[in-house]
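Report on the following structure.
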Amino acid sequence: MSDDHSELRAASALANNMLADAGLVLHAFGNASQADREAGVLAIKPSGIPCAEVTADDMVVVSIEVGDVVWGDKRPSADTPTHRAIYLGLGSVGGVAHTHSFYATAWAQALEPIPCLGTTHADHFRGPVPVTRPLTPDEVEDEYEASTGTVIVEMYGHGALDPEEAPAALVASHGPFTWGGDAAAAAANAAAVELVAGLAAQTLAIAPGRPPIASHLLERHFTRKHGPRAYYGQS
Amino acid sequence: MSDDHSELRAASALANNMLADAGLVLHAFGNASQADREAGVLAIKPSGIPCAEVTADDMVVVSIEVGDVVWGDKRPSADTPTHRAIYLGLGSVGGVAHTHSFYATAWAQALEPIPCLGTTHADHFRGPVPVTRPLTPDEVEDEYEASTGTVIVEMYGHGALDPEEAPAALVASHGPFTWGGDAAAAAANAAAVELVAGLAAQTLAIAPGRPPIASHLLERHFTRKHGPRAYYGQS
Amino acid sequence: MSDDHSELRAASALANNMLADAGLVLHAFGNASQADREAGVLAIKPSGIPCAEVTADDMVVVSIEVGDVVWGDKRPSADTPTHRAIYLGLGSVGGVAHTHSFYATAWAQALEPIPCLGTTHADHFRGPVPVTRPLTPDEVEDEYEASTGTVIVEMYGHGALDPEEAPAALVASHGPFTWGGDAAAAAANAAAVELVAGLAAQTLAIAPGRPPIASHLLERHFTRKHGPRAYYGQS
Amino acid sequence: MSDDHSELRAASALANNMLADAGLVLHAFGNASQADREAGVLAIKPSGIPCAEVTADDMVVVSIEVGDVVWGDKRPSADTPTHRAIYLGLGSVGGVAHTHSFYATAWAQALEPIPCLGTTHADHFRGPVPVTRPLTPDEVEDEYEASTGTVIVEMYGHGALDPEEAPAALVASHGPFTWGGDAAAAAANAAAVELVAGLAAQTLAIAPGRPPIASHLLERHFTRKHGPRAYYGQS
């Protein structure tokens, strides 16, 4: 294969740097990848290397379908099978990010979805940020990282959730995974989920039991930024 | 119109930068504007552009009364009708700021006014920071952003609240809007409302149900900084 | 008077800068002073000027006994009478600092002393950080700032508290005042009181009702750093 | 002794700097050391010097067994006997760090172990981070700092805890001590214990009483990073 995937690796490396710059990742506790659907590959951070430091040359290019390394001399992130499962299960996804960011991880550890309590949340996610079911002992023992992706994909499988409208999920007892059209969009969603996770926790600390935002307000805010009726931004 | 409103745009851009520098705005989740009452216009941040990056040349000048763009090649903030409604409804306002800052947004999502629990608050706001009533489904559907400004103005309409003495309001399920003589003053009030929102939340976490500050202490602190009896500062 | 108090002003300005650098003061919401007991004066921050920006040339030198300005062309901090009352009432104090730092102010607004829950606290303060009684309406109306100092001094007046062993007090509904041998020591105590205020709040959030540290451990930690049996540090 | 322990001192100084850079230590409220088991010495921060500022030349080299200074002209950290007790009691330890970091200290003051609520924790510690029993009045009076190390070592003495699998302990009413193969590893564990302490506190604030992570998930995460079955990182 003559392609060295240099653009893909650069975009993926930059998103990993963004996660660190935004304070979402301490040391190497997170990772981002970007997919090239046509080539059937993803570029992901190598295992154990801090997000703040990775460059395009450090990245590892992996086959989405099979999982073998097609470019790079480092071992890919231990979470690579999770990324692959998300790309395989959610066809519209072009980039994936995973962090252990403070508030989003706390909600994941609490085993609770992040409720949509305001317009900041509705601007990004059309409803609560869902939390996966716990993995079974067998799923943890056998193909643990792939199973982590499978339980995310499960939630989107019956049409109950649209991955473009809910581009973030909490893995139970673990932390947030986010996605988007590319790795930068996935990283931006990682920042958004951390912000709304913090706002929700603080809101309920002030007013325990406060119910979610009214559905008409949620809809208005989501659709002014996303979809055919959007009128936010410059394009 | 030969005026390019360069001073107005510069002042407004700087206030947007201040919101980002103060950590009150992530990415583009906020905006500031400044009005030129004589010219009947306001200069506001363009939609979707990060507050940290906007320059005077990015700003959009809009007619306060009608809402049409009179200078600039970008689309103005989606929240422009909210700013216009505030300028139209509160005659003394020269600048407006809107953020999704952490603690102030949490109070807005909690649907509760920020109680005045100490002198830090009384130095800036003569009483609780009020929260608007929820918008009706019709108001959300029809002229949503203008209605957001209208429910703010409503609270000041019967003389119950003086916009110069309470230059901040929480929009229910949304976040804080602040104002002042110019955009910089509005941005400074955005920082003040975030500080007192955090102090109030932390105070009630330590001592649930603690009542507000004594009224004589509130009055003394507000009037030592504001109005004819003020003796704070250098002028 | 030919003395321009240049060393005193420089030391005081530096302590004001330290308060800002340590994140204890937003804008101008705090102040530090240093006394020259022999000359009978203190140097304090001018009113309304941000702590981060003040230089020795901005400082105002004021007579401790009478309160008149003996050097400087600016108006001294509105809190100058509080500083004077502390110097007049607590003879060993050489520097005073006042902030609205987050956690210490929350305890002050909660009207509760900061309990001594661990060795970090015991290293700095020999027991709880006390909170003043509320000021009466008359005290607030008449000589408000001087009364603020008086209620602090009151707590140390009957030998119940030693100002060198408890160099910090919370003014009810207001915030912390700290002191020390000079302005830098007062500023260091402002940082220490903020740290222990945060630790105490977080400890009680984890374990509500947790009782104070054992008295033998409190004593050991305080006396290893302070007094004749101290063995901490290089001197 | 002709050896000036320059490498040992440099490694130890760097770890002290790391503690400050990571925001785990304010001023001089913490310390790190590294041991040279062959030479029978440790290099530790001098007492009262800020962690951010120490250089290799400031460090003090002390005999692990006897405690006398074998290199350096400064007084070693007051906590040196605690470090010595840890090296003497836990044979595999090559570096020790002590901080008063915010969340870990709050758990220590709460007298509660940090429960393992998620994979972030399981990646670093194979179970809860334990808290020591309180010291007796006699232990505090007599050889206080050595006793502080002894009560840590006690917890690992009966095989209930493996110091390599649980390289962090909370000293009751005091704060965290961590260790590792060298001082840098100890400092990295100080950052990890602070992160998981914060996540646990925030998780329980959202969901009081949430039970620990499932044991199969804990085991999988710990063993993918540590021990013979590890497959995380580049080596």
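Order of writing sets the chain letters: A, B, C and D. Residues in each chain are counted from 1.
Assume a residue touches a chain if its C-beta (ideal position, glycine included) is under 8 Å from a C-beta of that chain, and two chains touch if they have at least 3 such contacts.
Everything numeric in this text was worked out from a predicted model, so none of it was measured.
Engineer: Which chains contact both chain A and chain B?
Structural biologist: Chains touching both chain A and chain B: none.
Engineer: Of all chains present, which has the mean Cα position farthest from that of chain C?
Structural biologist: Farthest by centroid: A.
Engineer: For chain A versus chain D, which are copies of one sequence, does the interface use mostly the same residue numbers on each side, meaning over half shared, or is it different?
Structural biologist: Since fewer than half of the residue numbers are used by both chains, the interface counts as different.
Engineer: Considering chain A as a copy of chain C, what rotation angle in degrees (nearest 5) results from a C-alpha superposition of the former onto the latter?
Structural biologist: C-alpha superposition angle, chain A on chain C: 180 degrees.
Engineer: If you average the CA atoms of chain B and of chain D, how many Å lie between those two points?
Structural biologist: So the centre of chain B lies 47 Å away from the centre of chain D.
Engineer: Need the CA-centroid distance for the pair chain C / chain D, whole Å please.
Structural biologist: Distance between chain centres, rounded to whole Å: 33 Å.
Engineer: Where in chain A do residues touch two or more other chains at once?
Structural biologist: 205 - these are the residues of chain A that touch more than one other chain.
Engineer: Write out all the pairs of touching chains, ordered by chain label.
Structural biologist: Pairs of chains that touch one another: A-B, A-D, B-C, C-D.
Engineer: Chain A touches which residues of chain B in the complex?
Structural biologist: Where chain B meets chain A, its residues are 26-27, 29, 46-49, 74-75, 78, 100, 102-103, 105-112, 134-135, 137, 140-141, 144, 173-175, 201, 204-205.
Engineer: Under the touch definition given earlier, write down the residues of chain B that touch chain C in their complex.
Structural biologist: For this pair, the touching residues of chain B are 117-120, 123, 188, 191, 195, 198-200, 202-203, 205-207, 210, 213-214, 216-217, 220, 224, 231-234.
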